[in-house]
Each structure stands twice: as structure tokens, then as C-alpha cells.
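Here chain A shows up in two complexes: once beside chain B, once beside chain C.
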Partner chain A sequence: MNFWPIVLDAMPQLLEGARLTILYSIAAVFFATILGLVFALFKLSSVSILRGIGQGYVHIFRGLPLLVLIFYIYFALPSVFPLQVWFGNKYMIMAGITALALNEGAYITEIIRAGILSIDRGQTEAAMSIGMTNFQTMRFIILPQALKRMVPPLVNQFIQTIKDTSLLSAISVAELTRRGQMIISVNFAGLQIWTAIAIVYLVIILSLTALSSYIERRWQVDQR
Partner chain B sequence: MISVKNITKYFGRHEVLKDISLEIAPQEVVVIIGPSGSGKSTFLRCMNGLESVSKGEIFVNQAEITHSKTNLSLVRKEVGMVFQRFNLFQHLSVIENVTIGQVQVLKKSKQEAEKRAYELLDKVGLQEKAKAYPEQLSGGQQQRVAIARALAMNPIVMLFDEPTSALDPEMVGEVLAVMKDLAREGMTMVVVTHEMGFAREVGDRVLFLDEGRIVEQGTPEQIFNHPQEERTQLFLSKIL
Partner chain C sequence: MRKWSSLVASTLVLGLLLTGCGAANQPSKSSATEGSSAGTASAQTIKLGADVTFPPFEQMQNGKVTGFDIDIITAIAKEANLQIDGDIKTMDFQGLIPAIQTGTIDVAVAGITIKPERAQQVNFSKPYYKSGISLLVKKDSTIAGVADLKGKTVAVKLGTTGDLMMSNEQGVTVKRFNNIDEAYRELQNSGADAVIFDNPVHQNYINTGHENVKVVGDLLTGEDYGIAVTKKDAQLVNKINDGFDKIIQNGEYDKIYQKYFKDDYGKVTKK
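Up next is the complex of A and B:
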């Protein structure tokens, strides 16, 4: 069975798909982190309305299956708002990234909240006792310490996001999985192409794992 | 300087402070003693708004910190606080611990802040540890850095919440020495402590707190040598 010729032939296509997979993952994680930070602070707020909003966000977007969320934003929302008219072909990618960001953001909310809560209350009291505002306390004292503890679970979540981008193939976003399906529909070489796709995903994810353990090691040497 | 008027404080249904009033004059050193659970730490923490009061008023330099409209951060930078467990910022070096408030809150330049920080570290005898991180220091050293951090804000009064209780016995002396120096320089201080030697030597006034009330107050001489109240006598007989 001629494995290599088929895989090498498909490689440029697959790598282009891999590039988009990475790009969409980065975009999703970027927005998910912003959502996560905002809603984590909401959930920790002393204002009960904000706490309620934060809780609602997590409940809804952690509770929905990601594929349903993707379909909902891509197929259902346009019947309420003319989104495809506004955004054209780009709406497919926007819907995909939005769905990913909303879903991952719910998990990141909980990661950030747990990280912040893990910092000793005395740190906050000390910061306030020298006259820092709540914002300054969070920005200069709590978050820098919490971030270090959040790295391992955040890396987990980033890996999860990369894998979840494969679901975007269901709305024809041309990421790695979708590219593979398209190639197979022409050459019918399922075994070879799925094997190649699996290996490309593993390479992406293992490189990220290596990068994160490097970062963790460096932080320990620097600041501990 | 600090004026406490009839404050009451509840934790849930438990009344921890019962109608306490107190006037603290500039340069006065007030030492608060009492059994654990008597409310002395809570009382101290009310004086910079780390705890809210249920009833009553507290004024620091004319600013009413118990008023909901008062900007507490503005008041707190004038009130230094030293904690039982030091609470140094773990991710910052010693010098950064002492500069961060000056830069972020007092808006000083980094150079200015570092100059002041080195002066203060010199004062507490830790200039050579400027680049170290808190966890590399002993408890006594950490507490001296914490005092420097509080002093860096040029507070008008310093609150000490059992500053030597978490220290190994051989380190208590170095922290008390720094505090004695401060008192001698005329710093207004409120000190919650179990160090009766310190109270006797440095205190202008000693308050005995029990079950959320000031049972007795007076000069160290009066409280330690001629306590009037039975509860004070009982407490002192147990610890002296």
C-alpha cells in the first residue's frame, strides 16, 4: 500500500489546513481568555448582578454541546439577524471562532477564578493596606501570582481548543480535518490521509506541550 | 489622630466588639492586650477599614472611614499596617515590595522610590537582602521588610497586628527593636501583642480588651502593677 506518495501529495493541502487550525485556535483562545478574565472577575465581584451574569455565562456555555453551539450560531442566528448579509463568506469563520471562544471562555472563567481564589487573602489585605485600589491589587499583586498557577490548566484548555477546531469542519471551515475530508473524497485513501491528519494534530499539540513546560521551568527558576 | 466612637461589630449574630470608644493622640503608643478571641485584632483591623463596623464611627485624621462615601484607599495609604503573617508580596523581591506602593499609589518615580526603599531597608537592617525574594528570608527578616513596606508610604500612624506571634523566639527581638526605634522617633502606633515586656517598656497606654469591651486602660505601670479589675488581674496572673 503506497503510503508515502499519497501522504506527500496531500501534505501541502494538509499543512495549509494545519496553519488555519493554529490560526483559529489562537484567535479562539485570545477571545476566550478575555471572556474568561471578565467573567471570572464578575463571578468574584461583590455586586450580585455581576455575579449572576458571570454564573449565567458559565452555566449556559459550559452546558451546551460545542457542536450544537456552532450550529446554533451558524445556522440559527442568521434567521434572526442578517449576519450573512453583513459579513458574507467570513461569517462561517466568525461563527466558528465565536462558538469556540464562548465555549472555551466558560472553562477559562473557572480556571482564572480558581487561580485568583488560590492566592492567600493576606496578599489582598497587604495590598489594600498600602492604599492600592481593587484594580491595582488585582493587576499588580493577585493576577501575577495567580497566572503562574493557572498555566498548567490553561495549557490543557488550549490543547482542548485546538482539538475542538476539528468540529468546525461540520460547517465547512477549511481547517485541517475538513481539508483531509476533501482530499479523501477525491482519492478515497482514508487510511493514509486520516493517519497523516492524526500525526499533524499530534505534532502541533506536542510542540505546544513542550513549549509550556519550558515556560513553567523558566518561571520557577526566575521567581521561586 | 484616630478617634473611635462607640463602635459595635457583629460577625453574624456574634457581637465581637461592644460599644468601644478610643482617642489616640499623635505620637502616642497604644498597646492592646487581651485573651485570644477578645476582639483585639478585629478592633485594629477596623481602624484601616479592613473590617467594616456594624455601628459607630471611626475617624482617621478627620476622615470618617466608616462612612460609605469615603475613599478607603486614600485613607489606607496614611495608615501603615503590619500583619501577624507578614503578607509580603511573594512574587516580588524585597526592594520591589518596598517600592511598589510608592510607584503605584504615591506615583513616585522608580529612582525616587528605590532611594527611599534603600533608606528604609537600611533602617531595618536589611539592605543586603534587597534583591532576595520573601521565601528566602527568615520570619524575622520578612517582618522587618513588611515594616519597611508600610513605612514607605509615609504613614501618620502604624498598626501592628501581633507582629511577633508567628516568629521563632530568637527572632522576636530583632522585630521589637525596629518597633522600639519607631516609637522613639515619635511614630503614632497601635500595637496588638502578647509581648508584655514591649508593652511595659514602649507603651504610653495599655488597653486590656476582653469579650469585645475595653475592660481597663491606663499607663503600663497602672495596668501591670496595679490592675483594678478582677479580669485584668486574672489575665495578667496567667501570662506574667
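Up next is the complex of A and C:
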């Protein structure tokens, strides 16, 4: 079986695709984390409108399959507003990152909210009793402790984001999966190419896993 | 550390196992079955695959796969004593030849252009339609031909001859979609300046209520469509060709052609 010649020949293109996969993942995770933090705090707020907005965000973007959301932002919205005209070739990138960030952000909202809620009320009470404001309590007491708790599920979600970038192939983003389809449409070497792609994804994700193990050890996440 | 090295080791083992598989592919048993009764020839069953986003060659109507290609293969199957097994397996165009390679299907129709690279993977029937690819642009576009595409964006369907042609053009941004309707939508949304695809599909698109686009330039290539047939059953393509000859002789081909096309541009029986 002709494995290495075909794979080595395809490698430059596959690595170019992997580069895009990583870039989209980083951008999506960055924005998703911001969204997650904002909406988690909304959901925990004492202001009922903010709570409603937070719940609405999670309901909608957790309730849509990511592929549907990608198609909606890329194909449906531009037929109503001339988004492709306004943003030109950048629209594909923006649509991809927006869809990923909105979707992942909904899950991260719940992860952060659960992390915060898992901190014992005594911490908040003690902080209040020495005169800290709500903001100071959250910023200096609650969030640092909650962060430790959130590392495993957040890493989970980041890994999921990396895998979700493969769905961007449907709107012609030339990430790793799409590159594979493009190569196979010419050389028909499905087994060799998909095996190579699987290994590249594994390398990317296992590297992230290794990094998270290191962080968990440094931060002593397994201790209270 | 131990857990980590075992993770790396198992990944390497997985990779090596798959490369070491060597020529141990499936034995080339025919995936089509012969009937058993002596004396009468029972129909051979074939698994048929098709794209469904290529009107008027194939499309979904009321939950059924219909179109020129479907009528042709059905007529051929009747003449050649072949039975289409169960439902037609629908999938993306780029998945059809891989599906024949793995034996998921035996025969595929999708307006597939006969090309030497494809002919290495599958057998092709005689041509049943003469086509060509052309350029579709918005009515107010200044593009008149391929030369005007420099610096522009073209939407194509992944794996088609339009895709391959554009991949070789310098200075053109290519967006590859799984379905032609997505490429057309991209043109309508101004995400692409042109779509390159088979001319009859463009004409069908224009005729189904999309009057704001037009075909420009000449036909870029001459393309013959063929039925893709598995190499695993070496006789199957001959049976299909025999069936095809019969429907040409008895006029069935012309009848089906007239049902779908007003012109006779693509007819293989043209004098």
C-alpha cells in the first residue's frame, strides 16, 4: 500500500490547513471565553433583565446545531443584509469565528456559572464582612478559586472547539478537513489522507491535553 | 509521564497498523449478486448512488430522486436485466467515486464527466450526454470570460472539473462548496463574482426563476458524461453499455432526452 509517498506529498497542504484550524480555534476560544464570562455574570446577576438576557443567549446558541448556525450566518443573513459586500473576503473568516464563538460561548457560560456557584457561600460572606464590594469579591476571591475548578471542563470545551472547526469546511474555509477533501477529489487516496488527517488532529489535541495537564499540576487543581 | 508515553505509543501503533495493512484490501468479490434459478436469467442487483443537487440530471422531487440521469439508468437497467437494489443512495458528488471504490455502491450517476484520472478508479459507460462547463455571472457584471477572472472570486463545486480547472488558474480566489446551490447562493450574496459549472445546470438555474444572472463566454471544455461503474465486477460496464445501445436503437434515449431538454445540444445521437 502506497502510504508515505502520498502522505508526504499532501503534507504541505494539510499543514497549511492545520494552521487555519489552529488560528480559527484560538480566535473562537478567545471570543467565546469573553462571551462566556459576560453572560455567566449576567445569569448570576441580581438584575432580572440581565438574567433574562443571559438565559436567552444560552437557550438560543446551545439550542442550535453548530452547522445550522454556520449556514445561517454565512448563507441566510447575507441574503437579507449585503454582508458580503460590506466585508468582502473577510466575511468568511468573520462568519466562521462568530458562529464558533457564539456556540462555544453558550457552553462556556454554563461552565463558568457552575464554577462560580461551586464556591462556598462562606467565601462571599467573609469578603462582604471585611467590606469588599460585589465586584472586588468576584474579582479577587471568587473567580480565582473558581478558575481552578473550571480547568477540566474548559479544556474539554476548547478541545471541542478545535474539532468543531472542521464544520467550517461547509462554507469553503480551507481548514484541515477541507484540505483533505480537496486532495482526495484529485488523487482518490481516501485511506491514506484521512489517516494522515486523523493523526494531525490527534497531535494538535493531545498537545493541548499535555498543556492542560501541566497547568493542572502547577495550579494544584486537584486540591481544594 | 508513563500515561503520556503510552498515549504517544498507541498513536504510533495505530498509524503503523494502518500503513502495514499493505495489499490486504478486500478480496475482489463482486458486490452484485447473480440469481440462482437455472434456465431463466434472474436480474443482477446493483447498488446505485447519485448526487441530488444537479438538476435536471438529478434532483429530489417530493421525496424521490428524479432526473435525466435516473431515467437513463433505469431504462438501461431494464434492457440489461439489472435490478436496482432498494433505494438510491444519495450523497455529495465528491463521495461517489470513493463509495464505488469501497463497494458501498456499484454504479453512480451524477453528470460525471469522463476523465482519465477518474477512469483509473472506476469504469465508465459510453457517453450519454455531451456537455461543457461555462461561466455564470450577475447580469451587471463586467466579466466576459475566463481571462477577466484575475483577481476575482469564483465559486465551484468541490471535485468537479470546474474546481480542477480553477485550481490551475493563477490569481483567482476559489471557494469550494459541497453543493452547487451553495455556490449559486454565494454568487447571489456577492461573495463570489462568478460560478463555473456545467452549462445545462446554469441554464436550468436561470430558467427556474433566477433572471438576474447570465452565462458569458464560450463553453470552456467539452465534457462527456458517463455512468461510473465499479471495476470489481469487470462485466458490469459491458452489460450497461449493451443496455445503452438498446435504448438508443429503440428510441427510448431520444424520448427521455426530449422530456428534459428543449435543445438537442447534448444528445449523443445527434447526426
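Miscellaneous remarks
Definition applied: the second predicted complex is superposed on the first by the 220 of 224 C-alpha atoms of A that agree within 3 Å, B and C clash if a C-alpha of one lies under 4 Å from a C-alpha of the other, contacts with A are read in each partner's own complex, and residues count from 1 in each chain.
Heads up, the rule we're going with is that contacts are C-beta pairs under 8 Å (C-beta built on N, C-alpha and C of every residue); 3 or more make two chains touch, one makes a residue touch a chain.
Just so we're clear, the structure is a prediction, and the values are computed from it rather than from any experiment.
When the shared chain is aligned, chain C comes close enough to touch A:178, but chain B does not. Of the two partner chains placed around the shared chain by superposition, chain B is the only one that A:129 touches, whereas chain C remains out of contact. Shared-chain residue A:26: touches no atom of chain B or chain C. Touch criterion not met for A:208: it reaches neither chain B nor chain C. Within the superposed three-chain model, A:159 lies out of touch with both chain B and chain C [touch as defined at top].
When both complexes are overlaid on chain A, the residue A:66 reaches neither chain B nor chain C.
Judged by the touch definition given at the top, the superposed model places A:199 against chain C, while chain B stays out of reach. Residue by residue along chain A, chain B and chain C are tallied for touches, and C comes out ahead.
When both complexes are overlaid on chain A, the residue A:190 reaches chain C alone and has no touch with chain B. Those residues of chain A that touch chain B in the complex are listed here as 120, 122-123, 125-133, 136, 140-141, 144-145, 148, 223-224. Within the complex, the chain C residues that touch chain A are 4, 7-8, 11, 15, 18-19, 21-23, 25, 94, 97-98, 101-102, 117, 120-121, 153, 155, 158-159, 163-164, 173, 175-178, 182, 185-186, 188-191.
Put simply, chain A touches chain C in their complex at residues 1, 3-4, 75, 78-79, 82-85, 89, 91-92, 170-172, 174, 178, 181-182, 184-186, 188, 190-191, 195, 199, 202-203, 206, 210, 213.
Against chain A, in their complex, chain B makes its touches with residues 48, 50, 72-74, 76-81, 83, 85, 87-91, 100-101, 104-105, 133, 135, 146, 149-150, 152-153.
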